[in-house]
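Same chain, two partners: chain A is paired with chain B first, then with chain C.
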Partner chain A sequence: MSNDSLDPRVNRLKLGDAGAVIKVEEGENWNVYEVFHQEKRGAHHEHVGCVHAPDPQLALVFAKEQFARRKKCVNLWVVRSADILAFDAEDEDMFENNLEKNYRDASGFKVMEKINKFKQSK
Partner chain B sequence: MNNAALTDLIIKMADDELIQGHRNSEWTGLGPVMEEDIAFSSMAQDKIGHAWALYRILHENLGGQDPDHFAFIRKEKAFKCSHLVEMPNGSYDFSLMRHFLFDHAETVRYESLRESSFEPFQQLSRKFKGELKYHTLHANAFIMQLSQANEESYARMQSALNDTIALAAGIFEPSAEYEEELMVAGVYPGEAALYHRWLDRIYPVLVKASLNLPEMSTVTPVYGGRKGFHTAYLEPLLKEMGEVFNLDTEANW
Partner chain C sequence: MYGGGYIFDEPNGKQLREEKQHDDPEKLAAFEARITRGEKIEPGDWMPAEYRRQLIRLIEQHAHSEIIGALPEGTWITRAPGFKRKLALIAKVQDEIGHGQLLYNAAETLGKSREAMINDLLSGKSKYSNVFNYPAETWADVTVIGFLIDAAAIVNQVANAKGSYGPYCRALERICYEESFHLKQGHDAFIELATGTPVQKQMLQEALNRWWQPIMHFFGPPDKTSQHSEKLMQWKVKMASNDEMRNQFLESYVPKIWELGLTLPDPNLRKDPETGRWQYSDPDWDEFFRVINGGGPCNEERLQVRKWAEEHGRWVRKALMNPQERRALPVA
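Right after this comes the complex of A and B.
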């Protein structure tokens, strides 16, 4: 099986040699980094996408042109995707009953009356 | 303060930006990975933006031609760019090394203009500060990455440095005719001062990357571009760059 991919990362690995043991050299294995964008100081960093890069420094360099070229931006975070811990898809059932627990909402408490009364008494 | 001296300096700076920007933009679509393709192309656009801003100063403050006409229909002899920026892209090692050496030279130049007695230069200096910070961050990161990746990449970066350093030193070609006058008037500190600031900037990065800067006293800077003597590579570049504009030089875009 030959591999005609134009991606240099794939070609460099010579994935076509069937059965051969593939040894990935240090630095050859680019990582995926998740990118988080901050629109103004103090605001949350929001996830905007990902970049491929050999190290965190270059991930930041790439993220800047990839995600902060036009929109307002004051800072970026990058984090290796592999370093993010997440639940498995099959654990989705843990969240199933969330919508039924509206008795936990604070919206049911009627306090304005008491507050107004308190204000008037001042 | 004589306008001819200022005009001369601005044309040299602007032509360097335009030609370097054009060369770098030739990598668009051919970059090693998509992320880098986008970053390098975007910086190429910044360079052309710098050229445009300088041509506008010529036009608006010094009675020069319209920027598009000035950029696209001048004769090769009238260009004052350095030989460094005219060179074909070659492979990515050369292009990256040129980007590293050129952008640090650009940075020390615009930093010095913050205090310039010529007010439009102060504005440009402030305006380009953030862009240049990114360009040199990008260049430094790649120099570090490739000089440490493996033996082949290290060897290629070292030989790119050896091949490029004399050309890069040629950026700082002095002008016997105008430089003294510009320095006395406080427009800028002069080429020799910028050259030394530039060396101070690139040296620590090269040391960190374990690359050997050739002994500069043995390097003969490649001069000539500032006086209109160019390599054989400039003429074809200008022809291609002006191809669309020259179909109809009076067209409204």
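Right after this comes the complex of A and C.
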């Protein structure tokens, strides 16, 4: 390649021939870690994405660089993606709520009606 | 917009072909109904093989564009005029690399490894946005990239963020937030030159003249010639046609260029008062295809620099490698 880059740093690299084959091997970009971000004390850690890293310590370093370089952050977790256990997406229907589950909700219990009725009856 | 080009023949390519033959009509109907309801598709969901292929192509090429796009600007870090501009440019270039990683991760959830994507970039099988095959000759070129190329990318990314694939939308949300800083710092540097000395003004006008055609190419060939993709629109992979996005870009940004007393090198550029749409001369599409297929002024240098980085970083990656690690693709 002719050394005619506008970037003197590129010219100094003395780049090889354009047809040269460079192949990255499978696994060379390491493993994948899921990243959880805590925005402030007292908040939950929330999943924000993932990073490639060779081990958990470096995953934390990369996670800080990738997910905490602007907005507020007080803590990060990383977890190897392979260690995440999740339900199958196809089983989503098991989370569907029975509409008559108000016995589990605060709204299912009307105390004021009863109190008022009691007061009026006196 | 990120060009045509190759998708992949992964080790699991065979599996994809089988999946395609067996696109179960019942599952397909449920999948399409979910998208029509405005729900997102997540990595573990059943999806048509063609949906998976097209998304991998789109997200992968978007990722490559972020990584390669950092090169013409990175060139100017050492020569940025002043400390504040230098800091902003370093931050922007770091963001672009970060965006590339977010996008590679989103594409990986669909089953193609990051290594396979990088190999397809290095071998020239996979494309990236054509604008990055042009050089940034002066500091004014950097301001045109920072203002107008980022503006064009935002038009595209804001549209895609409303698409159907969850991991891509989540990545784009973060990207759009950071791009708004890129656009603002680019606009600021652009205004500084436009309102500066006659020499600065002339430098900016010349950069604008050089970049106008690549910018018009940015959104891809006109709708009348590009392959019509009704299915991709229905599946919310493609969110707006090339011409629609180009028109939206012109609507938002041409006035911002003209108000600074600059001109654009197209005598036919004007807004039709009746239709409200912008009219312009057709840019040279033969040139577009020539450059995308390797004939541009910087194609060779861009790939060479990427290859150099892979080759010279390999010993670091290998030294840190832990062979005991149990590998997996991103979960979400």
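The rule is simple: the second predicted complex is superposed on the first by the 73 of 122 C-alpha atoms of A that agree within 3 Å, B and C clash if a C-alpha of one lies under 4 Å from a C-alpha of the other, contacts with A are read in each partner's own complex, and residues count from 1 in each chain.
What we mean here is this: a contact is a pair of C-beta atoms (placed from the backbone, for glycine too) under 8 Å apart; a residue touches a chain by one contact, two chains touch by 3 or more.
Values in this document were obtained by computation on a predicted structure and should not be read as measured data.
*Asks:* Figure out whether A:Asp88 sits in contact with chain B (first) or chain C (second), or with both, or with neither.
*Replies:* second
*Asks:* Of chain B and chain C, which one contacts the greater number of residues in chain A?
*Replies:* Chain A has more residues touched by C than by the other partner.
*Asks:* Would you check which partner chain A:Arg69 touches, where first means chain B only, second means chain C only, and both and neither mean what they say?
*Replies:* A:Arg69: touches chain B and chain C.
*Asks:* Touching A:Val61 in the superposition: chain B (first), chain C (second), both, neither?
*Replies:* The answer is first: A:Val61 touches chain B but not chain C.
*Asks:* On the A-aligned overlay, A:Glu46 touches which partner chain: chain B = first, chain C = second, or both, or neither?
*Replies:* So A:Glu46 meets neither chain B nor chain C here.
*Asks:* Check the residue A:Asn29 against both partner chains and state whether it touches chain B (first), chain C (second), both, or neither.
*Replies:* Second partner only, chain C.
*Asks:* Just to be sure I follow: which residues of chain A are touched by chain B in one complex and then by chain C in the other one?
*Replies:* The answer is residues 7, 9, 25, 27, 30, 51-52, 54-55, 58, 65-66, 69 of chain A.
*Asks:* In their complex, what parts of chain C are in touch with chain A?
*Replies:* 42-46, 75, 78, 94, 98, 101-102, 105, 108, 113-116, 118-119, 122-123, 135-137, 170-171, 174, 178, 300-301, 303-305, 307-308, 310-311, 314, 317-318, 320-322, 325-332
*Asks:* Please output the residues of chain A touching chain C within their complex, sorted ascending.
*Replies:* These residues of chain A touch chain C: 1, 5-7, 9-10, 13, 15-16, 18, 20-32, 34, 47-52, 54-55, 58, 65-66, 69-70, 80-82, 84, 86, 88-90.
*Asks:* Help me check something: in the complex, which residues belonging to chain A touch chain B?
*Replies:* So the residues of chain A touching chain B come out as 7-9, 25, 27, 30, 51-55, 57-58, 61-62, 64-66, 69.
*Asks:* Can you list the chain B residues touching chain A in their complex?
*Replies:* 32-36, 38-39, 42-43, 134, 137-138, 141-142, 144-145, 148-150
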